[in-house]
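So, here's a batch of structures to check.
Here come two complexes built around chain A, the first alongside chain B, the second alongside chain C.
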Partner chain A sequence: MNNQSRLSSAALICMLLSARIFAVLTFFPRSTESGFASIIGILLSTAVQGLLIFPVVRLVKKTHTDPLSASHNISSPLEKAVTAAFLLFFLYDAFLDIGSMAYFTDYFFSVNMPRALTVACCLLTALYAARLDSPVIGRLAQLSIILTCLMLLTVAAGSAERIDVTRFDLAIPHVGKAIFHAALADTGRCECLVIFSFYAAHTNGDAAVTARRFLIAKGTIICTIFALVTAVLGSLSLNTPLPVFTLAATSENLITERCDALFLLAWIFTGLVKLANLLHCAAICIRRLFPKSTHFASVMSAGILPAAAALPLLLIYKWESIICSERSIVPIIVLTFILPLILLRTDTRSADAPSDPSVQNSV
Partner chain B sequence: MQSGKHILLIPTAVLACIMCSSFGRSISIDRRGLVHAIGIDTAEHGYKVTMQIFQPTGGGADTAVDSTKPNITVAVSEGRTVGEAISAARSSTGKELFFGHLQLICIGRDVSLADPYALFAFALGDKNISPAAELCMAENTASELMEIRLSEEEISSEALSGVLKLSGEYTETVSCDLITLLTSDGHAAMPMLTALSEEKQNSSKQKEDSGDSGTEVSRSIKLKGTAVTESSDVLDRQQATAAAMLCGKADKACVVSKIGNFSVTSSLEDISAHRTIDLNNGRLLLTNRITLTARPDRQLDSRESDALAQAISARFRNECDRLQTEMLSRGEDIFGISQLIKHKFPELWLKNADNTDTLLAAVSVHTDVLVKVD
Partner chain C sequence: MNAPYFDNISNLTIPTRLSDAVRLLTAASGNTADLNNISLSFGKTSCTVLSVEGMASIQLMAELIFQPLNEFAAVPRTSEEVKNFLTKGSIMSADRQLTSDAKTVLELLYSGFAVILTDGCSDAVCFGIQGFEKRSVSLPETEQTVGGSRDSFNEALRVNMSLVRRRLKTPALRFQLMQVGKLSRTDVSLAYIEGRCKPESVDITSQKLRSIKLDTILNSGYLMTFLDHSYSSSIFSAVMVTERPDVACAALNEGKILVMTDGSPGCMILPTVFADNFRTMDDYCEKPYFTAFSRLIKYLAFLLAVMLPGLYAALVTFHPEVFPLKLLLNLAASEEATPYPLVVEMALLMVLFEIMREAGVRLPKAVGGAVSIVGGLIIGDAAVKSGIVSQPLLIVVGITATASFVLPSLYPAISVLRIIFILAGGLGGIYGLALATCLLAVNIASADLCGTPYTSPISPLKAHALRDLFTRADFHDLQYTHTTISDD
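Let's look at the complex of A and B:
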C-alpha cells in the first residue's frame, strides 16, 4: 500500500464530518417535534451507530481491507454485487446533494441564474476535487471543518443574548415516539457511516479509534447545532424552512448585523467537499466494475449521471418532493452493518493476500 | 501535452463565467427599492401595507443623501395577505423591492395577532428579512406613522428605530422583535408609538417667503406606552419598567425615591433577573430574583443608602408582584412563564394544555429585589 495515498485519521474524520454537517446545515428533519427530543434522539442514535459500524471495524482489523476488497477475496460475483451496491448508494447520495445544492443556492442567492448552470458550477468544482487524491480531499475537509467551527462560534457569540435554556422542554404528547423518530431521522442522514465503511481500511490510524473519535465529534457538533437553534429560536425552529440559516440571520455582532453570509460560506464548502468525496468514491467503484475505464472517464461518469438525474426534477420545480421525503435507513444499515457482518462470517483469505493494485493506488 | 491541456482550462473557465453571467438578470441599485420600514393595517379586503422606501434627496450623484431631509418615499398598497400587498407595491412603485435593510415592522392597532405565523408568512418566506427586525404597534394606524417623515437621522426609519432602541435601553418600554413575537405563547409586549402634531406659528420671514399667514404643522412620533398583543392593555412607563425587569430585558432605568425630606434620583444599572418555579402542595410558586445597582445623584451616608435601597426594593417588589399577578390572572403571559412551566413541569403543562389560562392564573408570584447602592 502506498503510504502517500493513505488518509490520516484526522482527515478521514473531517471528511465524514463534512458529509454530516452539510446535511444538518441544509435543513432539519420534518418529523422534528421538539428540539430537546431531537438532541436526545441524536445522542441515542450516535450510541447505536457505534454498534452499527462495529462489523466494519472488525473487518478492517481482521482483513486490513475494505468491504470491496474483502468481497474480492471471496468471489468475483460477490465483489461486483458489493461494488454495485456501494456505487448505487454514492450515486444516489450525489444526486440528492447536487439537487439540494442547486435548489438552495437558488433560494439563498437571488441571481436568477438558471438552475442548470448552478448544477454545472457545483458539478465541475466537485469533479475537479474528485480527481484529486483522497488525502487532498481530506485536507480540504479539514479546512471546511475549521471554517464551520468558526462559523458556529461566531453565530453563537452573536446570539448569546437570545439564548434561553427554558426552551429545552419535553412538553410534547409522545416523548418516547418523538425521540425514536429523531434517532431514526438522524441515522437516515448519516451517509458518513457508509463513507467510513469505504475508507476505514485506508487510514494510517486504528479504525476503532478513528470510529470512536468520529462518533464523539459528530455527536458533539450535531447536538451543539441543534441546541443552539433550539435555545435561540425555540418553536420558530420547527416552523422555518432553514433553521440554521435563520439562526445565522439573527446573529448580530459589532461588525456585521447578520451572519448568514458566513453560514453560506461554510455550507457551500462542506457541500462541495461532501460531493467531491462521493464522486471520488463512486469513481473508485466504477473503476472496479469496469477496470478498463480511465481515471478521468470514471470521475466524469460518476458526476454526470447524478447531475443528469437531478436536472429534470430541478427544472420542472419538483425538487421539493424529494426534500420533503424522509430518508430511509435501510441502505445505511445494509452497507455498514449487514454486508460487513456477512463478509466477516464468510471465510476470507489472509490480510497479506494482495488486492487489486490499480484500485488501491487510486484511493 | 499536459501544459496544452492546462491552457485549455483557461478559455473554458472564461467561457463558463460568461455563460453563467449572461443568462442572469442583474438589477442596478437605482431600480431597487430598499424598504426600511413596513406598516401593516387591516383593509376592507385584507391588509393595507405602507412602506418607507429609501430615496436619496441630495444633490449631485444619484445616491447622494442629504441628512437634513427624510430621504424616504412612501408606498401604499393593499392585498388579501401582506405578501400580496407587497407584490402589488412592486408594480405600483416600478421598483424591485429589497427587504434586506428592513429595520422596523409597525402593526396597526386593529390588526389581529392571533396567528402571527400567518401574518408574517411574508417575512418567514423571505430570506432577506431578518428575524430580528423590530416590531412596534401604532396607537391608531401604522400608515399614519409610516407617512411621517422624520429627519433626525439620515433615513426616517433610522430615527424611528432610534426612538425604540433608546426607549428599550432605558426601560421606558419593552422591546420586541419578530422572533420574540413568533416564539411567544400568544401574548407579547411591544412599544406603542403615537403620531403627534404640533402647530407652530410661522416666523415673519417664513410668512414673507411663502406668503402664508397660517401655522405650520410639524409631525413627530412619540412613545405612547407598551402594548400587549391580543389585549386592550397599554402599560404605562412604570409598569413597562417592571415588565422589562421581569422579562429580563431591562438594561438601565431611572427612578426617583423619597428619603426623609428630600427626593433622590437614582440611575439603575446592571439589572439582572433570575426566576424559578416550584410546585408546593399542588400550587405553582414563581419566584423572581432581581438584582440591580443604584447610583444616586447625591452623596448618601450609610443610613441613607440603606433607606434608598429599601425604598427602591419595596417599590419594584410591589410593582412587579402586582403587574405579574394581574396579567397572569388574565392569561396574558408576556414573561415567558408558560415556557418555564413547560421546561420544569412538562407533564403538568400537557395535562392543562387546553386550559393554560387557568394554569397561569393559579401561579403565585413572589419577587425579591436586591439593590446595591453605589
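Let's look at the complex of A and C:
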C-alpha cells in the first residue's frame, strides 16, 4: 500500500477519539448513580479494552493485514462472513448516529427544521466527507478534536466557580455493582474499538503504540468529561440526556451567557466526523462484498441505508426507545476480540507473504 | 500555412542557400510587416540579419551585431569564416544559440533574438538582444509590507528570474525553462533549490506543464488548474501567487517550487499550505512577540471575515439566549424596527459591499474616493436612518469587510464562504453553521499537492513546524535547524 493512502498514528487516534467523544457527548449510560463510580468504572473498562484489542494488535503485527484481509487469506466464505459482520456493525452504528443527531438537535435546539431535513443535511455532509480517502477523514478528525478540546476548556472555564469536589462521592448502596455497570456501559459504547480493528493495519506507525496512546487519551478525555459534569452538576445530572449540553448551557463567561451554541458546534462536528468514518468503512465493506460496485455507489448505499432506517422512527417519534436501550457489548467483543483471535490462530500464512491486493486501494 | 501552430515547418531545416532560407522564413511568417530583413555582404559571401520590430533592441543590434559585422566585412570572407566569427570569434551577446531547425529559429525570432543567416551555411546563429518594452520593477500593489523590500515581479520572465537569483546566490538554485501554449509559446520557468526540494515534485510539475495543450498562456492563472488537481473542487488553492521576490525566495528555501510565467507579474509557489496565507515578510522584520500578535490577529481576522455575519445571524435568529441581557435588548430593539428578516438584510448588505468593492477596483483612482463617500457615508448612513437595516448589522458588516482585507490572498475564498455561512446560519442556526464548518473543513482537508496536505502542519502533525504557525523561530535557532515542507 502506498504511504499516501495510509493513516498516520495521530490521525487514527483522533478518528477513534471523535467516535468515542461523540458517543459520550450524546448520551451517558442510564442508571448512573455516582459520577465517581462511573469514573472508576471507565478506568477499569479502559484497562479491559487494552486486553480486548490485544488480538487485533497481534494480528496486525503478525500478518500486517486487517481482519478482512486475514480472513480472505483463509477462505472466501469466511471473508464474506467477516466483511458482512463489520458492515452490519458499521451500518447499525451509523443508523444510531444519524438518528441521535436528528433527535437531539430537534430536542434541544430550536433550529426550525423538520427532522427529515436534519437527517438529509447530516447525511449529505457526511457523504461528502466519506467519499474521500481515509487520510482526509483523519485530518478532519484532528480538527474536530482540537475544536472539542477548545469547547471543553471554554465550558470548564465558565463553570469553574461552581465546581464542588464534594460531589465526588461513593455514597451509593452498591458501589461494586455501580462500578461494574459503568465499566460495562462504557465498553458497550466503544465502537471505536471496532474502527481500530478495521484500520489498525493501515497506519504508518506501530499498532501497539497507537493502541496504547489511544486508550490513554480516551480514558483521560472521558474521565475529564464525567468529572466535569459530576463536579458542576452532580451525579443526578448524569441520568439526563446530553448532560454535557446542560453543563454548557449553564456555563457563562464575560462575552456570552451560555455556551450551548459552542457545544452544538463541537457535537455536530464530531458527530459528522464519526458518521463519515463509519460510512467510509461501510463503503469499503460493500466494495469487498460486491466488487463490481463503484466507489460512488458503495458510499451512497452505505449512507442511504441507515438514514432510511432511522427516518421512520424519527418521524413517528419512537426514537427515544432506541436511544434509551442499553447497548450490548457482544458485537464489540466479537469483532475486536473473538474474531481476530480466531484469525490469529487459523492464519497459516507467514508475515512476508503478499497481502490481499484488493484492500490496497480500498482504504 | 494551414494551421497556426507551425506544424508544417516543424521538421524543416534551414536551406543552405541564403535566398531559399530567407524565403522560407518570410513565407512561414506570412510576410508579416514587423519582420526586418537586413542584408550584408562579405565579398562573395552574403548574410542576412532578421529581427522583429520592437522585439530586438535597435541600440544593441547596432552595437553588438552591425558594428562588429561591418568591421569583419572589411575584407572578403568565406561562409566558414563568417560562421566561425559569429559562433567563436566574437562575443556579440551573452545568449547565443546555433540551430538549423526552422521552427526553433522562428520561435527565437519572435522572442526578440536577432537571427543571422549565412549563405552556404544551414545553421542560423541567433543572438539574444531583446529590447521590447517592459514595465520597470515597481512597488508591490497587493502585498505591501512595512519593513520588507519594495520591489516586485513584473511581466518580463528574465527580469523575474534575475530578481530571484540576486537574492539566492547559490549554485543549488536551478531554473528550468520551457515553452507552453501551442500558439503563444509562452516562456515558463520552474525554479527550485537542488537538495531542498523533492526531485519527484519537480519532475511531476515539469511534466504537468509540458502536457498542457492550450493555445495561449497569457497569465499564470491559466496554469493553476493544471498544476493543482483540486483547483476546481476546492475553495482554497494549494498554489499561491505572489508578486514579491523575497516571499518567493523564502518559499524556495523551504523546499517549494516556483513557476514563473512570461507576461504575468505573479509567481506561483507550490505546494503551499493553509497557514502560508497568514505569513508576511513583515514577520521576519519584527520581533517574535509582535509576529505572534500579528499572526493571531490575522487568524482572528479570517474567522471574523468568514463566520461573523453567519454567526450573528444564527445567534440573533435562533439562539438569542447566548447574548447578555443588555446587548440582547439593544439587538432586539434594532431588529424589531427593520422590515426584512436578518438573513435577507445581511445578504443584501454583503452583496452591496461586493458591488462597491468591484466598482472601486475598476474605477480610475481619481473617482475611487467618490465611490467610498457614496458607499460608506450616504448609502450606509441613509440605510440605517430609513430603517432598512439596523445599526448593529452595519457594524458587523463593517468589521467583516475590514477583516477580509487583512488577507488579500484569501479574499476570493472569504467572499464566497461568507455568503454560504450567512445562509447556513440564517436558515439553520448553529446547526447550519456546524454543517457549513464541517463542509469547509472537509474542503480544506481534501486539498493536497506534491504529497503535502493543505492542513499541514496541524494535520498531519509536524511538531517542528507548529511553532511557525503562531510565531517565527528566533534567527539564532534558525542558524542550526532548518526544515523544509517535505520534512516529517
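Quick note on the criterion: the second predicted complex is superposed on the first by the 349 of 363 C-alpha atoms of A that agree within 3 Å, B and C clash if a C-alpha of one lies under 4 Å from a C-alpha of the other, contacts with A are read in each partner's own complex, and residues count from 1 in each chain.
The rule is simple: a residue touches a chain if its C-beta (ideal position, glycine included) is under 8 Å from a C-beta of that chain, and two chains touch if they have at least 3 such contacts.
This structure is a prediction, so every number in the text was calculated from the model and none was measured.
A.B. asks: Scan A:Q142 for contacts with chain B and chain C and give back first, second, both or neither.
C.D. replies: second
A.B. asks: Name the contact category of A:E257: first (chain B only), second (chain C only), both, or neither.
C.D. replies: The answer is both, since A:E257 touches chain B and chain C.
A.B. asks: In the superposed arrangement, which partner chain does A:I322 touch: chain B (first), chain C (second), both, or neither?
C.D. replies: A:I322: touches no partner chain.
A.B. asks: Should A:N239 be classified as contacting the first partner (chain B), the second (chain C), both, or neither?
C.D. replies: Only chain B is touched by A:N239; chain C is not.
A.B. asks: Pick one for A:V334: touches chain B only (first), chain C only (second), both, or neither.
C.D. replies: neither
A.B. asks: Let me test your reading of the model: by the given contact rule, A:L311 touches which partner, first (chain B), second (chain C), both or neither?
C.D. replies: neither
A.B. asks: For A:T166, select first, second, both or neither according to whether it touches chain B, chain C, the two together, or no partner.
C.D. replies: The first partner, chain B, only.
A.B. asks: Tell me the contact category for A:C121 with respect to chain B and chain C: first, second, both or neither.
C.D. replies: both
A.B. asks: Give one of first, second, both or neither to describe whether A:Y107 is in contact with chain B, with chain C, with both, or with none.
C.D. replies: After superposition on chain A, A:Y107 lies in contact with chain B alone.
A.B. asks: Once the two structures are fitted together, what part of chain A is touched by chain B and by chain C alike?
C.D. replies: 111-113, 121, 257-258, 260
A.B. asks: With touch defined as at the start, can you tell me which chain A residues reach chain B in the complex?
C.D. replies: Within the complex, chain A touches chain B at residues 107-108, 111-114, 117, 120-121, 124, 162, 164-173, 175, 232-236, 239-242, 245-246, 249-250, 252, 257-258, 260.
A.B. asks: Applying the document's contact rule, which stretches of chain B touch chain A when the two form their complex?
C.D. replies: So the residues of chain B in touch with chain A come to 16, 19-20, 23-26, 117, 124, 127, 130-132, 179, 182-183, 336, 339-340, 342-344, 346, 349-350.
A.B. asks: Provide the residue numbers of chain C that touch chain A in the complex, in ascending order.
C.D. replies: These residues of chain C touch chain A: 314-315, 318-319, 321-325, 428-435, 437-439, 441-442, 445-446, 451, 453, 455, 458-461.
A.B. asks: Can you check the complex and tell me which residues of chain A touch chain C?
C.D. replies: 4, 8, 10-11, 105, 109-113, 118, 121-122, 125, 128-129, 132, 135-140, 142-144, 146, 256-258, 260-261, 264-265, 267-269, 272-273, 276
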